[in-house]
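After this come two complexes, each holding chain A, first together with chain B and then together with chain C.
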Partner chain A sequence: MSNNGRPGPKTPVTLKILRYKPGSIDPPRYDTFQVDADPLMTVLDALEEIRATEDPTLAYRHSCHHASCGTCAMKVNGKDVLSCVTKVLDQKSDVIVVEPLGTMPLVADLVVDMGDFARRYEPAGLSFVRESEYLTEAQTPEGVERYTRFESCIECGICLSACPVANTNASFIGPAGLAAWYRSLQKGDGERADILAAVDSDCGVWGCHGAMECTEACPSQVQPGDLIMYLRREVVKSKLPWAH
Partner chain B sequence: MTPIPIQQATRRRKALRAWFDPRGRGLGFIAFALQRITGLGLVLYLLLHMAVLTTLLQGESAWDQFVAFAKSPIMLLFDLLLIAGILIHGLNGLRVSIVGLGFGVKQHKTFFWIMMLLSALLFVYAGWLLFAH
Partner chain C sequence: MNSNYHVVVIGGGSTGAALVHDLALRGLKVTLVERGELTSGTAGRHHGLLHSGGRYAVKDQESAIECIEENFILRKIAPGSFELNDGLFVAITEEDVAYKDTFLQGCAECGIPTKELTAKEALLLEPNLNPETKLAIQVPDATMDCWRLPMRFFATARQNGADIRPYTEVIGLLKQNSTVTGVHVRSHITGKEYDIKADIVVNATGAWAEKLSEMADARVPVRPTPGVLVAVYGRWNNMVLNRLNRPSDGDIIVPQRELSVIGTSSWYAPDPDRLGLPLDHVERMYERGSELVPGVKHAKMRAAWSAARPLLGEGAAATEGGRDLPRTFKCFDHKERDGVEGLVTITGGKGTTMRAMAETTADVVCDKLGVDAVCRTKDVVLLPYWAYYH
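Let's look at the complex of A and B:
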């Protein structure tokens, strides 16, 4: 059942997928699979088809299929993207290389350990959350005080993967984490001095080398690289002699 | 299944690939890689330069001989490489510092091209000085 049953012309495309299973496919290798893609087929659709019809052991993560859950991030032809909104034919290549995200440790096939992302991101707190402006009059279920919603960051890990220095600096807070700290500063969550102290180190704002690949790759317009630069300005400003 | 450390996972994840693998990357990455390569090149030059300066210990004639060699056209080409490295590293470094203070963040790519244009102009001028005099 190709392309979710959509009719119409198909183009044959080869997917070269990185495979890794600790103990069995170890060291990692590339397996190739053939799919018939229509213009709407996404890379995630292709993986689903391969898993359903060719190799049930193919491991990848996904949930929403519409760029909001952030679980399906991977490298497609070297670019960090959400596979659920990345079209196969848009790649304009006969062979598409599909690999797991970088930086985070590899668990299996296209699955990386998001714990690494969480470890760097969580100390900033859930700053990308705000009170929902939708249906404010709606009743909340028992135990839920008010509805909240996520702001832009979908915690997909793409920024961390795209960052050329996060790979070699395991204690670097990373783009999403630093952006979250900046958001805390903007919203006035917590003491300003504490926030600036938390990011004023080689693992914080000074770990960034300004390549801006995180901003480039972010699928959710968080623009973490820009926010790191603004956060850095706040750190520097706080140190100027006339700041006190 | 326990996750394995990055370095063991795939060769692709190793540092050199992480720093210099251009696949899927943009201009900001190229600027970063250039800064790193030219920075390391300048360090290498500095070490070489200091090693060469020890010729002075061997007296005046040894030094004069070296200076004559350094003025040969092939060595002047190396000087050109050094000048290119200094210009790219210095001017891009200035850009990185300014953007790093939160200024011109949205325009960082244009800013990069301006610095590279400036590098090119100064490079041509330096080349002219080097070879025409």
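Let's look at the complex of A and C:
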């Protein structure tokens, strides 16, 4: 492969990528590609390189390239990760297997239908900004009432893909959705009783088996698994007169 | 629908997003095709700064005026898509201090509100700033969500009847004599090729605009001019921090969620699909960024990447770094420029000026089609982005 303007020594690596195009590559198959990986090259960079030089039909999701938008999640060697911050050489394997996220329906190649994530997540109605809590010693400038910042959850779908319950139960709200309900509770968005009622079921907090795969996989330290446990406690407390 | 005309927009970046929204609101039938995921070109991976215009107030006032106007329109039509954090232009050296009056005068001429702060006041707002800070100027910059903001335009356009087709690449233009009559596309979902007929085709492919227009033997003077951005762990600042001086490398730090993004640099890349990632630029981001906030020097890197500006320019200025090329946008009717009917190109500009770029282009499209419809995008509040999946 010609010099691609990228830094550092190059190591040849093979990517084994799941391909699927309904009606033409159907059933799915794996295609292999070679890339010359440098120390900074991410799996997403490698996919970009393959699309630009070898196969313009390769379909994958991406946008921000810095773990901020949440579009580029996929499975790399079986782990659910953001491809834009997963380095090729950190995989320490000569062959890297790249596959789409689980749980959500497959659209083509590495692209899944995020409508499934939206359906489970959206009822919490979480706005995507929150009050900024950092720089405590700082004052806000005149004319600025308070700083706001974007929510930590980037809605990438990794937790939903990693969750053993969501994998088989389409009506389970799932980790990101339950974490969003917890944030709404914390922020005081909406009636407390309504929020607790929305999650007090087998599709909500009681569906979780406590596998904690979500907290393990979350790239943004949202720790959805822990938040589900907090939410459970709040549901139980609301039923105990002495705990109010 | 107030007309049966069909417009095909090529390119699903911020410009394409705002354009399909505008055209759909005007009652036109519109289809957008994007070769990859929506906003997978430049729009999704830019610095994330809703510009106040301060950066361009001295050397590129037309662009600065566009920025401040659009800044306030976007806040109104897309509430919740911005961190409300304002920005500072910070003077660290005596040379920076000497630039202050020029800067303030530029801002005044462009209608950009400013407020002068002493070093002590600035450090109280931003404790991680360089302790050598001499003074700072507050401006209405803000952090934007580069993915979710355009997605709100797509969501609203879709609700209004627009047909949005990601993973659909234009591989040829349909032509009759010297008139473009549609596009020939390949779906990267089904692998199939097909034609889409159109009364007008709009090329909104940003840094790819020249590649596209060449398919119709038309020309667009676009220079793909990339820059490097580096995201580090930690929210080192709450406000957008800019260096109070002429625009140069690594002189802005934009906080985003729990990251801080340092940018940027500028060079010329002939192929927008192969930008590379010059290591010396990555190092320069750390070096120059730490002049503003010393703590970032040893902050752990979350990501480093390149993105291509679609700058307009020809000749010598364009082949050098591109710093002096204007950030304004331009809409080309290829009938006037190249004798090619049915093709319009919109390129240049900023993420911040996406709505204005769309308005100008939709005016040209309506004019060419003889459709009488006013622009309403200044007032229509956008749907939440999740509505895209409804």
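In this text, the second predicted complex is superposed on the first by the 213 of 244 C-alpha atoms of A that agree within 3 Å, B and C clash if a C-alpha of one lies under 4 Å from a C-alpha of the other, contacts with A are read in each partner's own complex, and residues count from 1 in each chain.
Definition applied: a residue touches a chain if its C-beta (ideal position, glycine included) is under 8 Å from a C-beta of that chain, and two chains touch if they have at least 3 such contacts.
Here the structure is a predicted model, which is why all the values come from computation and not from measurement.
By the touch criterion defined above, A:Ile25 lies against chain C but remains apart from chain B after alignment on the C-alpha atoms of chain A.
Once the two complexes are overlaid on the shared chain, A:Ala197 sits clear of chain B and of chain C alike. In the superposed pair of complexes, A:Pro105 makes contact with chain B only, with no contact to chain C. Using the contact criterion defined above for the overlaid structures, shared-chain residue A:Val95 touches neither chain B nor chain C, since it reaches no partner. Once the two complexes are laid over each other on the shared chain, residue contacts for A:Gly115 go to chain B and to chain C alike.
Greater residue coverage of chain A by touch, when chain B is weighed against chain C, goes to C.
Of the two partner chains, chain C is the only one that A:Ser63 touches; chain B does not reach it. Put simply, chain A uses residues 22, 107-108, 115 to touch chain B in one complex and chain C in the other.
Interface of chain B with chain A (complex): residues 1-6, 9-10, 12-13, 15, 18-19, 21, 23-26, 28-29, 31-33, 35, 96, 99-103, 105-106, 108.
Those residues of chain A whose C-beta lies close enough to touch chain B in the complex are 18, 20, 22, 27-28, 75, 77-80, 99, 102-108, 112-113, 115-116, 162, 164-165, 167-168, 170, 208-213, 215-216, 225-226, 229-230, 232-233, 236. On the chain C side of its complex with chain A, the touching residues are 36-40, 44-45, 48, 80-86, 115, 117, 124-128, 138, 143, 145-148, 167, 169, 186, 188-192, 229, 231, 235, 237-239, 255-259, 261, 269, 273-279, 282, 302-305, 307, 386, 389. Only residues 4-8, 21-25, 40, 42, 45, 48-49, 51-53, 56-71, 84-85, 107-109, 111, 114-115, 118-119, 121-122, 127-129, 132, 134-135, 137-144, 146-152, 154, 220-221 of chain A touch chain C when the two sit together in their complex.
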